[in-house]
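For reference, the structures are reproduced in the following blocks.
Consider the two complexes below, in which chain A is the common component and chain B and chain C are the respective partners.
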Partner chain A sequence: MEQTRYTVRNKYSDVPYEVKEQLFREVKSDLRFTDYLYGCYECGICVAACPSARFYDFSPRRIAQAVAREDVELIYEQMNDDVWECSQCFSCNRCPRQNSPGGIITVLREVAVKHGLRSAKEALGAYGRVIYKIMSTGTQVSPDMLQPDAFPDWGPQVLDVSKNLDTWRKAIPPETLHTTETAWEIDDKTIIELYLIWHMTGVMNMIEKVDEGLYTILMDVMEEKLEEAGYSM
Partner chain B sequence: MPIEIEIPILSADKRAAEDIEKDHTHELLFELEAQGELVVQRVPEPYSEVDTKYGRKKKIPLQHTWHHKSCGQCGHIPGYSTSIFWLHRQLGLEYNDPKDQTSCTAWNYYASATSNAAAQAAVAVRNFAAAYESGYFPLIHCGTSFGHYKETRHELLHHADLRKQVREIMAKLGKQLVLPEEIVHYSEWVHVIRDRAAQKRVYDCSKITATVHPACHYHKLVAEDAIYDREIYGGQRSAIVTSTLQALGVNVADYSTWFDCCGFGFRHILVQRDFTRSFATMRKIEVMKNEANPDVTITHDTGCVTTLDKSQFAAKAHDRNVGVPVMSEAQFVALAMGAHPYRVVQLHWHTTEYGALLEKMGIDWKTRWEEFQGDLEAIKSGKKEFLTWEDADAK
Partner chain C sequence: MPSDSILIVGGGPAGLEAARGIAEIGYKAILVEKRDRLGGTPDEASYAALTPHFKNTDDVLGAMIGAITSNPLVEIRTGSTVKECSGAAGDFAVTLSKDGKEEVVSTGAIILATGFDHFDPGRETQMYGYYEHDDVITLVDAEKMLKQHRFVRPSNGAVPKRICFIQCVGSRDRQIGNEYCSKVCCGIASKQAIEIRQIVPDANVFIFYIDMRMYGYWENQLYWPAQEQYKVNYVKGIVTEVLKKGDKLVVRGEDTTMGRPMEIPMDLVILSVGMEPSTGTKALAKLLGVRQNKYGFIEAIGEPMDTVSTSVEGVFVAGAAAGPKDLEDSTSMAGAAAMKAIATVRRKSAITAKV
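This part shows the complex of A and B:
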């Protein structure tokens, strides 16, 4: 009987296996890992529920299975090519085995960021201003981010907001919402505490790996405030 | 020849379904408190007890709450947060709107992964400790904060090393490792005050047909903690939002893609919106239009309101079957109770046309818009510094 031979392409053959293995060891040693993966029936419920699977060549089942099989080569490929498509909605938590493919992806992304993988840098290229906002101000989005050039597909209403921003913010009754550069008013002591958390938990090291320019800007902003508050960097 | 594949069984039996249904979270919480590992902030009285997915009674405080605000609500949909506060004021329920609260930072965590378990737990506990110090109990406005904090609580309860690390960080901040007895979403509070709100309804909602989008991070993350009711969807879906709309007399219409997410995607909504727009319109709004033709769609989370509302503009330009106003149930309840559509509900921050809905409810939105223009002129001319709560309720 004639046999068909299939060859699995190793897309990242330039990266040593040991490096890929080390990354997977980090994924596996994360404290959340054991809560996110129990096994796989291959039922595909996670794919059926997944919004990203409808619009991308993306499958939470393939990721859960690769991780369960400990397929180091495929996991590395997915860590580069697939994980940033996930919507993180956790519709895949419908899994009858109680897996959380979305949770596995969170950890895979974190390891990718921690090691400054090129794909992570690309995925986050346009996202730096948002990381800057949340880490430096303590709120993720602010009213002054509503600019027509940033959201052209949201129509002329965004222009109305940006043109009238100061007045519209003053016309909101709760006094904490009169801000334009942050979503609400946060006191300085609280911001200092947030900066200390970023430093003490290694988040600044992650930022340095994925975006050196952003890291430098954030360090400048934080250093000034921390020194004013009596902390030495 | 069949191919033999070895599929490793990991800890498959470790978390059997009955374990989840039992939900040991609270036993563990109080056990660790007794051991001095953490401080538990009790739900203040008076509270209501409601059923969760597998029957555990969850305590929902009525007042004396510390409002853990939402970035996206306060930043881009300010009528959402304002309506939550307005409802408290109308019902005479006391609350605290703090300035020592940061974002949960989970939007960024799910979008960029530039964080880790310890940082996320420390941010959560810092906020919980701030609430505890104030004496007010946290009420979480954002669905993602709510879901993420429950995941974080699970990690803290099950990992001694993480507790130790977070305790040490909190000690440096002069705070304790505090967890609240319950993690409560504002929509659960709306669920328990729905009959009181309905008694204060001033507009007839019986002609309104609404579809409901249940927020993913409300009912899919730590699903066993979401509120269910046997009388609503036969207990097969979370009762949240639907219960409130039904109490107001709204006709809640079903549609086949109710379980689908809105398309927010966390990263996608900010830098890859082709996906977000496509999903929001093709899998949600168009399906609602075709199957239920609602006057409004109501949801209970930041990203869902933003995504479902903003995505419709581009779809309309392509002649897609869209055009459904979107708002939170807090905003809709406030409107039904007579809140000003601009001073309180702040509908001018929304994109999709809402005039027809307001007219169907009997709200003269054109006159209200003129009143609000007068407010804006007064602010611009310096006659008024800010719009106050007294202004908001002026007749």
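This part shows the complex of A and C:
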């Protein structure tokens, strides 16, 4: 094993180096990786352009640097502590070396999710409701999510709307929008295709890694529909 | 009696190019070199591949030497030194010494191409321990190994797996007195880093720097390939000391852009030593009464547009005798010096003819 790299500080010393190294190997083997990272001048233009860097202790430069230097320990730390502070706006793409720190972060996040790193669980926890909605129905936001307790800042108007949701929806001319539990009418064929895609591309495995509860609920919903359509799980 | 010939001191790239230019125009060049061989520092210090094009040093020098040995207008005097000089532009009398025998030659102009010395790392003000640790070497030592295509730790002959360059050793340092940038070391370190990765593909190579000075095309001839293809780690931060730890060395410094101290084990440390005026440059400047700058290099008085005229009429400078220069600088200056030297002897003999 390659002995000490940059020493002095190692926040996640309880995690074996080999584990961190394996995660980095996955990052590097991503097809997009070579287009996202050439070499880093450490000039800071990405930080200057980064909206997150103005509000958090976050630096796309440090991410690009750590990855360019193949600093396995630091990359692991960043996968846990930093990558979720990026808003994926890609303002950092103005790099003179044509790196994409935001793109590197996309890859780091995906590996973090695939391996169910603690930070990925925490960061995605708040999105459980949205993920459930979009993965079970195929639409992200539905009219019945408009509840006064969910939108206190919208004032009394929300209550009016939510009380008579069905009526309001029927006032919209296209019949496909006369729905309350989904944003629009979802064809069974569409939802079956979506379920199949999520199963076959490994998205379900990722969900299982970050949120087991959500995974169980989704599987229940999906199983029923898929079996009806003649697919066995 | 005015002389039409031009005396060149120094048989390195600048001296060779000046002699070639003068002879090709049709004037007589007398090339004086203290060593028994031509080629100058690149030959003496066993340079392997030249920066930045990776051309073989012996091939490049061979072609330059071939161009003058085949020209009867060039008189080559190796193993010779300059002892004395009298006279003035158009009519100098220069005493040469070879094997204890002296001879006076007359010349209309003189070109000093006496070059530089590599900085002696024993004089650095950090604690790198060049003379204490076998595995602390210089760019020059590394170049010798690269020339033999054998890259090992001097202490035990093992192949090094963790190697670092420390930049600016002996340059940009007020305490040492060399306040200038030596101009070529960033490129040479990057070139060597690439070569090391070629010879030892699983080696980790680091370059610790203050600023990387990869001007012009060196950027994508050396810097980008080193970083992108050869995965050389450039870390902004200068090592302050090299310690011995068992069989290894440990370098201590700050990783400035990451804002953290660092202590990294190394198998081999390469000091990127800069340039200082050579003994020959300092001696010749004194002998000819040519003004030197505060670092001892010969001062070019007409800069920026005239890079070769000195404080003495009829005496010109070319190459690293005038300060840190790369090969392009040196040979370009040689051409300019040849042209100005010829202009001087023509002008002087025309005046004499009129009289």
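In this text, the second predicted complex is superposed on the first by the 213 of 233 C-alpha atoms of A that agree within 3 Å, B and C clash if a C-alpha of one lies under 4 Å from a C-alpha of the other, contacts with A are read in each partner's own complex, and residues count from 1 in each chain.
The rule is short, and it goes like this: contacts are C-beta pairs under 8 Å (C-beta built on N, C-alpha and C of every residue); 3 or more make two chains touch, one makes a residue touch a chain.
Owing to the predicted nature of the structure, the values given are computational and were not obtained by experimental measurement.
Legend: residue contacts after superposition of the two complexes on their common chain; A:Ser142 is shown touching chain B, with no touch to chain C. Once the two complexes are overlaid on the shared chain, A:Tyr38 sits against chain B and chain C alike. Judged by the touch definition given at the top, the superposed model places A:Ser91 against chain B, while chain C stays out of reach. In the overlay built on the shared chain, the residue A:Glu70 is in contact with chain B and with chain C. After overlaying the two complexes on the shared chain, residue contacts for A:Asn10 are found with neither chain B nor chain C. Of the two partners chain B and chain C, more residues of chain A are touched by B.
Touch criterion not met for A:Thr216: it reaches neither chain B nor chain C. After overlaying the two complexes on the shared chain, residue contacts for A:Arg62 are found with chain C alone; chain B is out of touch. In the superposition on chain A, no contact is made by A:Ser29 with either chain B or chain C. In the superposition on chain A, the residues of chain A contacting both chain B and chain C are 38-40, 68-70, 97.
For chain B in complex with chain A, the touching residues are 7-12, 14-15, 17, 20, 69-76, 78, 81-82, 85-86, 97-103, 105, 107-119, 122-123, 126, 130, 147, 154-155, 158-159, 161-162, 165, 169, 172-173, 216-217, 220-221, 223, 259-261, 263-268, 270-271, 273, 275, 277-279, 283, 310, 313-314, 343-344, 346, 348-351, 372, 375-376, 379-380, 385-389, 391-392.
Interface of chain A with chain B (complex): residues 30-32, 34-35, 37-40, 49, 51-52, 54-56, 68-70, 84, 87-91, 93-94, 97-98, 106, 109-110, 112-113, 120, 123-124, 126-127, 130-131, 134-135, 138-143, 145-146, 151, 153-155, 157, 160-161, 164, 167-178, 182-187, 189-191, 193-194, 196-198, 200-203, 206-207, 210. On the chain A side of its complex with chain C, the touching residues are 2-9, 38-40, 42, 61-62, 65-66, 68-70, 74, 97. Those residues of chain C lying in contact with chain A across their complex are 204, 224, 227-228, 231, 233-236, 255, 257-258, 260-265.
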